[in-house]
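Listed after this line are the structures, all set down as structure tokens.
Shared chain: chain A. Partners: chain B in the first complex, chain C in the second.
And now, the complex of A and B:
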């Protein structure tokens, strides 16, 4: 279903004929699945449709005008930066206008004050390259180097580099947000002047409109510009080497170095991370899922399974690795000092350094998320939590335990407890649990697992980052709020009374629960008889 | 609920899983449904490899996605469109034909995708064009005209077939009647770029290499193959391969990247054999010359004081890995059996042309931000310039911005189609950039005999 001819004509007058299309082939190209992040699951099949029309604005003003037209003609719309973030960033209702923001891809660096002003179409790797040319860096989130900087920062944007420079969304500076009715909100220092150098400003902090807990998938407006802080790195060039698929950054070893350690047990793992943070050394400290090592070694899917098939539950669950990135931020001597301290810590916990390549394949410039699809074809990070270091490991283990119930269709992984690392110099512990499956199998179990994890987190009183946009709001809101859902829906009603901005988010997963018959057995919480929208 | 595995028997899981037969056969789009359905929209097809990402400028490597912007024009969009076509849920329209054909099939998407995944994007795009022809809607009128030219005059341009060897008159040499090396000149060098054919012939002469021509050379069929006219292309492949076999030549040498790809990759693909089974070796001039320089048979001694950027012609670089036919079945977790060695563009002809240029005294080779497997295509190849001249010229201009960015005086490529497309843009814009084929540069740098 396309939008009315009259509305189309008005929209066309804003961007020009070249940048709007309701052609069925053009719209088909914007389909969410069947592949991709979280795709091939029930949510994607039940909740997403192709857009009725696609439009590509080139400025904040054009976005404002488009949104106002949508309000006038009651056209549901969805902001879209790269489309990588799976079904939740695609239209959920027929006849929606997909606002493709890729033309707004500016990356302007303020060389004096070290921040970058980016548009929603800008992705991470060019930003990182520009930052590194200047001796600076940003965190490329686990979402990948191909993720929109703005979309990823609104959602989460963390990576192992968050050990040193903290949670990236805390480095959001001046930001422009077009509200669902087209009004422009300028946040932080932009509220008072054109310089976006600072994130806070006088009056209420409106960044909650961007994020809720961890992002609202564009249901409260469209960010058209954001300033992001750049932090000091080190001056030497990380030289790209190799030919695809074997490309990596050659590290200047006296200034940047990864070292992998094997430690005796989980307690040693946690203690090592804690001590490294306490000593205020290292640029990244992480323990990644062990099958990532097999992904990195394998040339192809079949080779991955050759390697993974050689493992067993002991080799996985009794293997404790701590991967540390040392960076000589200020000098070679500083890195030498850090390395000596690190070796002392590892001696104390019984860690043993393993030979580590003097290169970086993933995290500094290329967060290699695309490889996650190699072994099974389908993937989603079902949850991430930010806890203490000791709590974070327990989180992963509870997930691994619950996962058995849904394996298959989930990938057999011997109970690997997921990804675990230090944030903010060990002040926080991060756990992320990723699941993989083949979308050609019966995937209902994956849908069930998804919601079951929310119930498990509620039971275990774990903070779950994805509760806002990725779980039924009426399940998670009362438990985490106690009135998170009421708050969020009031805000939604206030700013988007017509619910034209990416409906039915933030109630999309609630609607999915209603529509998908195989989810009925899971539902044991109260919902209004008629969901609000 | 599964029992808690202490060990996974991958072979058993695969053996017990349902299987789908699959072939690397572009005449049936259904062979690529798995590949299309696993596209994850990471747009590795569009972005420069993130490790090599040069910064805020020159971020993309796909001409089509960069020019038209809509996702639908990028490989990620075409994978979704392809599924809809395979399932009969999308009808052919002029816009859809534009989406499928406004694309130089340069392989940037395929290599980018295969950095992380095992998806056959390039073959899928070829299969979409074959389907367009099978469904009676493709190719486009401009392509049909070329097919007619080839049918009537055996060349791309429709020029008189008898003029095919006119370039020889200025080459001041006579090819051998019989030799181990057969120089396949190609339509472009035969008719529109005789300077390339003449330079190539003289380089071979300078190296002391006897060479022959095909007794009756016909078009390689690049365009008809690339636009999906698979039967016409197969007939040409069969005919040309047989003609070479009759000559007894051991090596077919080309000076055209598109022709090189046809002989080395697409003829075996069309004839269901491997490159090694063709019965002769296929080399591009740059491979041959690099070897001759290494062996001391050719010596670039004449100084060329210029700053030069080298443009990787797609068909010589990321598209040029040899072909091996494969068929098998897909099972558990999408694994295939027997094992498939994917063509990922790793072993393209990247270093030889650079080695040659670096060996020339006085010549300064500078790399553009997007090089080798990340190079931005000139936009002319595989039927694009004929049907979408605007896209071809836009792409050339976009690439020329990189030449200016690195301050090169000349742009060198190893394909006449690249040269012509760049030269046209340079001429129209009045740019102070010289556009040269590498054969001309090599010839100018060596002392020729007689």
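And now, the complex of A and C:
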């Protein structure tokens, strides 16, 4: 269903005929999937539709005018930059206007004050390259370097490099937000002048509206400009090498070096992370799932399964690695100091350094997420949570236990407890648990597992990234805060009383639960009768 | 039941007062803000009592002014529309010290003196602003975004998950403390963000207008094993700031700041006024202070590489910067200054900003370091027009996060018993603030008279703030008349 001709004409006058289309062929290009994050699951099948129209503004003023027209004509709209975050960043209702922001791709770097001003269409890849030319770096999230910087920073925004600065919120500076009713609010120093160098205030900090830990999927407005922090790095060039897809960055070994350590057991692994944090050394400290090694080595799906097929529960249970990135932020001598301290710690915990390639294939360069669905076709992170190392190092095991019940359709991983690492020099810990499946199989079990993890976290009193629009709001809401959902919904009502901004988010997973018959057995909580249908 | 009877029952008679002499204590502070009387003062013992008081106030639309510190400098807790002063000083428990995760959980009434003392026993410290008053609430100061003297950590703010009582009376835990049953939970409260929205952001810089924070988790750091304090006398402040642009992004040093002779003399002087006067004339115009620390492991080696880096930069790029372990003419200064930087100002000594003339008006804001000297020049041009001598202006430059920004603070000293002097400084303060604002100074904490100036310039922000405030505080009971509410 397309939007009315009358509204179309008004919208066309804002951007010009070249940048609006309701041609079904164009709209089809914005269909969620196939392949990739959360692809092929019930949520995608039940909740996503192609847009009725696509528009591509080129300025904040155009975005404001478009949103005001949507409010006037009651047209649901969805902000969209690169669409990496799978079904949840695609339209959920018929006749929606998809506002594609990729033309707003400015990147303007202030290297004296360590920030870049970016538009919502700007992606990480050029930002990282330009930051590094100036002796800085940015943290590219798991979405990959092809992801929008802004979309990533208001929904995700971390990687192993978050050992130095964990919460992505802390990297958001002056920001411009078009509210769901089309009003513009400028935050931080942008509130009073055309300079975005500072993020807070004045007074209470309205950046609280932007994301809420893991994002609101665009249901509270459209960010049209953001200044983001760049972190000081080191001066040597990281040289791109190889031919796609086998590319990497050659590391200047006196200033940047990965070292993999094998440690005797999990206690040693956890202790090493705590001690590295307390010693305030390193640029990344992480432990990744074993199957990532197979992903990194394999050049195709078949090779992955050849490698992975050699593993078993025993090999998983005896695999304890700590991967550490050393960076000579100050000087070569500083990196030597870090290495000596690191070796002291590893000696204490019984760790042994293993030969490690003098290159970076993933986290500095581009967070190479594209390979992550190679082996099965589809994947999703059922948690990617920042808490403390106390939670992070135990959390994955609860997922692994629950996962047996849903394997298959989930990929067999022999009880691998996932990924954990240090954030903010050990003040925080991060855990992530990824699941994979073949989208050609019956995936209802994946949908059930996904919601079952929310119940598990509630029962275990664990914090989780999958709150807000990522799980049924009426399931998690009463159990966190408590009743955070009531405040979230009141804020939504205040700024979007018509619910035109990406409806029915943040209630989309609640609606999915109502619509998907195979989810009925899972639902044992109350929802109001007037839930959007 | 009237308010007096109800409140007395909620907290017990000994923790309730409407005696004029008690109310008077809460009606004024060390700022130039006009006095304002509350009707009642209550001192709850825990979040449940806070909840009951706030619920009662909300039902009856009675203003509530939360206060946690025992001393105030900005007028933020002076009631503007009467009501209840919610004094949280009894809620002063250090609830947890979590050594593994380097985290402490404290109630709102915990003071700098109390926290630094207790943490030291366990080998920890919390990064601190410059010489906070011993009786200030740590939690309030961090909610109000005090700027730490430590510039090396990328993550800046130490605030983590916390608990609040909403203006409508519900208790709510934020971030990863939001899990059911916290703190008896897998989640420890290390993440302030979420659930759903970043609610905690609304409480930062809010001056008690968004609700009542009852406890919070804060990051703590290990106490360095050894330190070297370096000083450089500075005539050309722009040169010193360029030096900071060069060295701080390379992650050297812990505490780092610039003080002019007036502020440094006020901090160092012990014999008043003689020693202060002598220091004023003998100290250099500016002094750069940089602390290089050896941490828990291989402390000598850490200091060595930082010193080597500094030495090379000084020799090759900044030959006029004479950084040394002593300020020429002031032997022993390093021994005196380090404890000052790592401790609050003692409660039994007049506060360092108030020692000179009895009171001090602080003017501070955030800017780019490269613009600092321009703002200093403006202040020095304007102050004499109000009869205030440039030689009496205290100035403090605090680099933030690798010197990507800075906190610039001016101190105007006055005699609080002299009404003419007070009025002169008040007018000067307002006029200078307006001029600085017009030139781009960013006042993230707009106290008192600054609020209307700032929000007039940030109109759309103020409008959105009011909409958010309406959601959480529909009856505008929390500290009404403050900020733009």
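As a convention for this text, the second predicted complex is superposed on the first by the 529 of 533 C-alpha atoms of A that agree within 3 Å, B and C clash if a C-alpha of one lies under 4 Å from a C-alpha of the other, contacts with A are read in each partner's own complex, and residues count from 1 in each chain.
One rule holds in what follows: contacts are C-beta pairs under 8 Å (C-beta built on N, C-alpha and C of every residue); 3 or more make two chains touch, one makes a residue touch a chain.
Computed from a prediction, not measured in an experiment: that's the story for all the values here.
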item: First, second, both or neither for A:83, with chain B first and chain C second; value: first
item: Which of chain B and chain C A:302 touches, first, second, both or neither; value: first
item: Partner chain(s) touched by A:517 [first = chain B, second = chain C, both, neither]; value: neither
item: Contacts of A:130 with chain B and chain C, given as first, second, both or neither; value: first
item: Partner chain in contact with A:16 - chain B first, chain C second, else both or neither; value: neither
item: Chain B versus chain C as contact partner of A:240, first or second or both or neither; value: first
item: Chain A - residues contacting chain B, complex; value: 19, 21, 23-31, 33-37, 39-40, 54, 56, 82-84, 100, 102-103, 105, 107, 123-130, 133, 144-146, 240, 242-249, 300-302, 305-306, 308-309, 311-314, 361, 365-366, 368-371, 373-378, 404-408, 411-412, 414-415, 438-440
item: Complex contacts: residues of chain A adjacent to chain C; value: 112-115, 135, 164-167, 169-170, 179, 183-187, 189, 191-193, 195, 197-198, 200-214, 216, 229, 231-232, 274, 277-280, 329-331, 333-334, 336-337, 340-341, 344-345, 385-391, 394-395, 424-429, 457-458, 460-463, 467-468, 476-477, 479-485, 487-488, 490-491, 494-495, 506
item: Residues of chain C that touch chain A when the two form their complex; value: 98, 100-103, 145, 153-157, 160, 166, 170, 172-176, 178-182, 184-207, 209-210, 219, 222, 245, 249-252, 295-298, 301-302, 304-306, 308-309, 366, 368, 370, 401-402, 404-405, 437, 440, 442-446, 451, 454-455, 457-458, 460-461, 463-465, 467-472, 483-484
item: Of all residues in chain B, those that touch chain A in their complex; value: 1-2, 4-11, 14, 36-44, 47, 49-56, 59, 69-74, 76-81, 83-84, 90-91, 93, 95-96, 99, 111-112, 114-118, 332-337, 339-340, 342, 344-346, 350, 372-374
